[in-house]
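Mind having a look at this structure? Questions to follow.
Per-chain residue numbering starts at 1, and chain names A, B, C, D, E and F are given in the order in which the chains are listed.
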Amino acid sequence: MFLLAAIFVGSVTAQAPPVALEKLQGKTILLFTPHPDDDTFCCAGTLAMLAKQNNNIQIFIYTNDDKGSYDPAMTSQRLAQIRSMEEENACKLIGIPAANIHWLQFHDGMLEYANTFDLVEQVTKVIRTYRPDVVMSIDPGSEYVRWHKTDHRMAANNTIDAVRAAEWHLYFPNQLLHDHLQPWHVPLEVYYYVTPQDANYWVDISSMIDLKLDAAMAHVSQFEPSIHKYRPDWDAQDLKREKADLLKEVIVKNGHVVEAFRISGGFNQQ
Amino acid sequence: MFLLAAIFVGSVTAQAPPVALEKLQGKTILLFTPHPDDDTFCCAGTLAMLAKQNNNIQIFIYTNDDKGSYDPAMTSQRLAQIRSMEEENACKLIGIPAANIHWLQFHDGMLEYANTFDLVEQVTKVIRTYRPDVVMSIDPGSEYVRWHKTDHRMAANNTIDAVRAAEWHLYFPNQLLHDHLQPWHVPLEVYYYVTPQDANYWVDISSMIDLKLDAAMAHVSQFEPSIHKYRPDWDAQDLKREKADLLKEVIVKNGHVVEAFRISGGFNQQ
Amino acid sequence: MFLLAAIFVGSVTAQAPPVALEKLQGKTILLFTPHPDDDTFCCAGTLAMLAKQNNNIQIFIYTNDDKGSYDPAMTSQRLAQIRSMEEENACKLIGIPAANIHWLQFHDGMLEYANTFDLVEQVTKVIRTYRPDVVMSIDPGSEYVRWHKTDHRMAANNTIDAVRAAEWHLYFPNQLLHDHLQPWHVPLEVYYYVTPQDANYWVDISSMIDLKLDAAMAHVSQFEPSIHKYRPDWDAQDLKREKADLLKEVIVKNGHVVEAFRISGGFNQQ
Amino acid sequence: MFLLAAIFVGSVTAQAPPVALEKLQGKTILLFTPHPDDDTFCCAGTLAMLAKQNNNIQIFIYTNDDKGSYDPAMTSQRLAQIRSMEEENACKLIGIPAANIHWLQFHDGMLEYANTFDLVEQVTKVIRTYRPDVVMSIDPGSEYVRWHKTDHRMAANNTIDAVRAAEWHLYFPNQLLHDHLQPWHVPLEVYYYVTPQDANYWVDISSMIDLKLDAAMAHVSQFEPSIHKYRPDWDAQDLKREKADLLKEVIVKNGHVVEAFRISGGFNQQ
Amino acid sequence: MFLLAAIFVGSVTAQAPPVALEKLQGKTILLFTPHPDDDTFCCAGTLAMLAKQNNNIQIFIYTNDDKGSYDPAMTSQRLAQIRSMEEENACKLIGIPAANIHWLQFHDGMLEYANTFDLVEQVTKVIRTYRPDVVMSIDPGSEYVRWHKTDHRMAANNTIDAVRAAEWHLYFPNQLLHDHLQPWHVPLEVYYYVTPQDANYWVDISSMIDLKLDAAMAHVSQFEPSIHKYRPDWDAQDLKREKADLLKEVIVKNGHVVEAFRISGGFNQQ
Amino acid sequence: MFLLAAIFVGSVTAQAPPVALEKLQGKTILLFTPHPDDDTFCCAGTLAMLAKQNNNIQIFIYTNDDKGSYDPAMTSQRLAQIRSMEEENACKLIGIPAANIHWLQFHDGMLEYANTFDLVEQVTKVIRTYRPDVVMSIDPGSEYVRWHKTDHRMAANNTIDAVRAAEWHLYFPNQLLHDHLQPWHVPLEVYYYVTPQDANYWVDISSMIDLKLDAAMAHVSQFEPSIHKYRPDWDAQDLKREKADLLKEVIVKNGHVVEAFRISGGFNQQ
């Protein structure tokens, strides 16, 4: 499988993205996320804009996030329920209905140990079923090895592997034979969790920042005090403090609050 | 296993290569490639020069490239036959006989799911059998995670693992006991598919550029229109157009058409 | 599992380390190393200082280093014994008793093929048992893919995976139930084998350089002539030559011989 | 998980089946088969009777049977298409519509190498979705090791593992949380491919023997001459000869042509 | 590795056991069980006799039995706690202290998916540490494939694999080098969960039958009504009914209530 | 893949073998054995007869038998050398030259953990290369689960899987494409290590019994005293005693010393 551009030019540079992501309308957009909050923290502003413009956004979540609580009384079954409910609440705020949330049902922190062949086959089937205009996913990029370990790394790699496989009918040919699913070339890939040097596209989310903060706050169990002793709601003081903390952390570019992405038009599929 | 240079200097910088690759004569050179075209697109010019100078070049191809066709009538068994024939044609053009082409018989896109222990053992045996002066392989380098996924990444990692294992008789000791294969230290490693910042050696292939284009064109099924509806030969117009496209993509250094490599003299074996 | 700092700032920059590593006293320090010499070559000076200041240093060695000899008469069982003895000698010189050396009992070069789930569970148990103030480990960083392959890469990744898992009671919950091991958050992570651009902390080991050279020399079988034909001791001439060679390779910063580290205060655990 | 009957009695004897299998009406029956012909050859008579009595029969086929042809021109993609079509034809004859045939999409002979955890999870989901009154499957019994190897053995074991897992909500709990699938206890298990000493139930298929022969003959590519040189239809002479051969092989009990089963009411679920 | 008796005689017949199991005194006995109740249901009477005679009985339990409840409010973390407590209660009744119960910490029903290499290594270490006179384990025999699937089969096979490995110093040689554990030949193997045709030894437990029933009843959550809606204690009526049911199921031989075993003196180690 | 005979008759009974094994001449016979002594102990008499009659006997040995010594000074590398030499000596005695002995190079006791897909592919290639008239292998039969664990079980299953795969060109099709190996149907399968109830063929080896004893004795390191303290030769007294012991264990049928087999003509290939 050849890599024409890279081979003869020898470069993997970030090119100017061919489209204005936030202006898309009426498109099918699949977002893959390792946990039910990565999407909110990285993309809620952009997703809110896209949802408003009648794009069909489908969220696929690799794991159920059932490990990350310091509450000694918490069990994994209960945490999974909480995290599922929180994701539904966060998505609702930015305009994505619960029916559009799909869980791949792995346990938190265990994606690393999944069978990668089965995982790629499963996501390939998703892509061939929805035939998306855009796939949004965590960036499998060069700087990420250090902290992309386990769920992040696996989710990142697996999604692009599936994007590539989906394009060729001879990958998992039984999906065509038995499920009548045609191959599908994903025209646009949008990566989040990018480093500053890899980002090549920034969406101004100034108009959505309050909504994004509310969506982030919907993940109550991820924050103090709920992460240490679970409570499903916010004390007003806690909420104010956490929102203020988050606001200090936003990415600002040219004076605007933005979300950063790396957009790619097919190269990674090779 | 210690890493002396790196430990005390703390550096992994590219050093000046100790030899002029393109001047080698009468050497044994093993080239490992994930697919039967990566070698052509990256190294055909250099290989043609090396073949001319009576080097014994042996090509080892990890996968049979049996997935990459958009032709709905294509099957994997047939595509593998086509790709095999095309590789023989391309190699013949640059002076490498069909008998020097060896297939490791994995399916395209499936190397990621191979058993890595068996794979390293197999390639270690190849190295101990041929006792090469040079191993050429795809670069397992730092910038490549993003696009080296699946076959590329696995081929890159596996080859250097085998280079390292081949050197010590206590790796796979049954190869010595039962096959009478002595350990072998590969003196020179030459990596292709390198990024501009990693390249430390460039071969001027000006005199071979026509031959390289012809060799590239021998992979008919990788190009339009054959990739969409298979035909074994070229329409003159198509051929002209594709050659022109390729020419736009060559790497030029100091006014010369070059192929870029990263040459390493043993460090990676640690 | 969210990554707050990274998400909103979008940066993975090296921050100033919060503590003076070499000034620690009375702390519990776990060092994880792929082989029984990586610790000596990278950290012996720093470890000697820490040992002197009554820190409880426990060394965990992933593999038994039973492959790296060119001596044709050597067997793996014998080499493992030699390497074990050499590590005890080296550690003794820098003030770490043999009882503090723990072997995870993998074979050299085979860590890549270990079951990663079991491996993380095992190291998580170690961390929850010792409840260390500091974990020292090989850096799983961005530039290391090329040469961290096999044992190095696996040791690097596995240790930080275990650091993260150790913190949450819902990872490997049977360790709490059956072993009565509480979760443990490692407050400080210190990485060795760092590239110059990743290093963010340097320990001046001028006062320990002789001791470090002696400790390095204790790994007799790793050097000429013993690596080619095993002998357990040094000829005076050989010893002098090897020490001189090592001295040429030390890292010097601001005129001082240093050991370089990347120190991290928790970010990697996400 | 206790095994009460077996523990205190110490016996695994075949007990009288609690129901008349062939008299069932309006039930949901899931049949699991390794290949798309095992069901026909073992159960076509019984299935025809059950279909006639308005039972909802759903066929789940583990593999696509894409290897078993001696025709040198045959490819796996093409054979899979043929086998799929033949299965539809055979099922149609005995009253099961194409929509009730489901393929698990493994390749022939490769089920042995599937990831068993994923496979059990997948079939557990099927069982919890359909909530069957009866599961029919290949017998994982004591005498079968010798010839149940690969697909047969794996299909046999996996199906009963899934029957057991389906019953308890704590197996694959995300299926309840995310898919809203309640656990399901399968009340009746019917095993085919049984040895004479294990059979405990026989269905008189005298009235269905012609239909069964026709259904068997629908698998054209499994017989001479088609298995050696594919043709999609029968020469009248060949058809007559093969039917006669099959008739010589039927199981006769008390003067009736029967299909033999081992029926179990839950014990195996332990 | 040769199988002398079997090879030349060609027989795998059950031989008369060389010792009176229930008369042993002052011995070290390791019992391996897949779940924390298999030991009680199969061996409680015999174990009670052995405990009384000052044998050192150590119980090793492969899984934590955290799946087998129909109570919809039950979670796996909580069920594991309950099952652990019940096992301690049952063992206490028959004279085995809680400190002698060891958990291998696998999840219920998941032993099938464990890494078998790691599992054998772990149990080999246990055997070399305790150097037992007797190993009691679930029978990996010929008739058991059907119902020994998953945890039972894996526990049965793994234990005898470890018994064999423990005997030879070249299996897992690092256990000798690093843990100073000498190899150990287990002189007597006693298998429970045997079929009538495989049993070759019966212990008369008449004097212990009340104690055994009490021990069985200690596993409250395994019985109605607790298995459907958890309660930690018994209603007097329920207790009476369940005891009566169990009594109907005991094995009787020559008018005595017995526990049945297959005793082997080393053959299986080959 | 259908099982005609079994399906309609429902029987797996041992049929009269179609040929006189010991009368074969000029045939190609592949024998697969888990360790380099199983073949001698089970088949040396028969092999000696077959070798004498100019059959081309090729021995394939799965493991190098490098664990089974009680000698504390023994290492695995050395034991493998000894076992290799002993196998050559034993084979020479019965007329099979060293060049006909092939090692698959697994370590003793580790075949269970091999990658089964790779293993079947490897043996399939062997079968397609030699195109044998007879395959001799360890019996994967019903009674053998108990003691066929690890190497024996894996060798037994793997060989018949490969026999089946070898027959169809669509299994491992790259062997045809790249190695030009045609599929091969093995006409006769002969199983050793059979139970009395499974044996269906007995070769009278009266004329070869002395030779067989000598061949057995060539495996010096498998017997006392060499197994406890290695010596390469026999003390006359020891030799006499061991031979006498072996003679007590031979299988006698109708007054003749025999070797027992189960012969199968293709059924197992289904």
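We take it that a residue touches a chain if its C-beta (ideal position, glycine included) is under 8 Å from a C-beta of that chain, and two chains touch if they have at least 3 such contacts.
A quick note: this is a predicted structure, and the numbers were derived from the prediction, not measured.
Trainee: Figure out the least number of contact steps between chain A and chain E, where 1 means they touch directly.
Mentor: The fewest touching-chain steps linking chain A to chain E number 1.
Trainee: Since chain C and chain F are copies that touch, just let me know if over half of their interface numbering is common to both, same, or not, different.
Mentor: same
Trainee: Write the angle of the rotation needed to overlay chain D on chain E, where the fit uses Cα atoms and the result is rounded to the nearest 5°.
Mentor: Copies differ by a rotation of 120 degrees.
Trainee: With respect to inter-chain C-beta contacts, which pair, A-B or B-F, contains the greater number?
Mentor: Of A-B and B-F, more C-beta pairs in contact link A-B.
Trainee: What is the chain whose Cα centre is as far as it gets from that of chain F?
Mentor: A
Trainee: Which chain has its C-alpha centre farthest away from the C-alpha centre of chain D?
Mentor: For chain D, the chain whose C-alpha mean is farthest off is C.
Trainee: Starting from the mean Cα coordinates of chain B and chain E, work out the distance between those two points in Å.
Mentor: Once rounded, the distance between the two centres reads 55 Å.
Trainee: Per the centroid of Cα atoms for each chain, what is the distance between chain B and chain C, given in Å?
Mentor: 35
Trainee: Just curious, how far off is chain D from chain B if you go by their C-alpha centres, in Å?
Mentor: That pair's centroid distance is 47 Å.
Trainee: Give me the residue numbers in chain E that touch at least two other chains, ranges are fine.
Mentor: Those would be 75-77, 117, 142, 144-145, 170, 173.
Trainee: Which of the chains touch, listed as pairs?
Mentor: A-B, A-C, A-D, A-E, B-C, B-D, B-F, C-E, C-F, D-E, D-F, E-F
Trainee: Quick check on the complex: what are the chain F residues that touch chain B?
Mentor: 64, 77, 80-81, 84, 103, 105, 115, 117-118, 170, 172-175, 177-178
Trainee: For the complex, which residues does chain A have touching chain B?
Mentor: 1-12, 116-117, 139-142, 144-145, 157, 160-161, 164-165, 168-171, 173, 183, 267-268, 270
Trainee: Would you mind writing out the residues of chain E in touch with chain D in their complex?
Mentor: 34-35, 37-38, 41-42, 65-70, 72, 74-76, 79, 108-110, 112-113, 142-147, 149-151, 193-196, 199, 219, 222, 246, 248-251, 260
Trainee: Any idea which chain E residues touch chain A in the complex?
Mentor: 75-78
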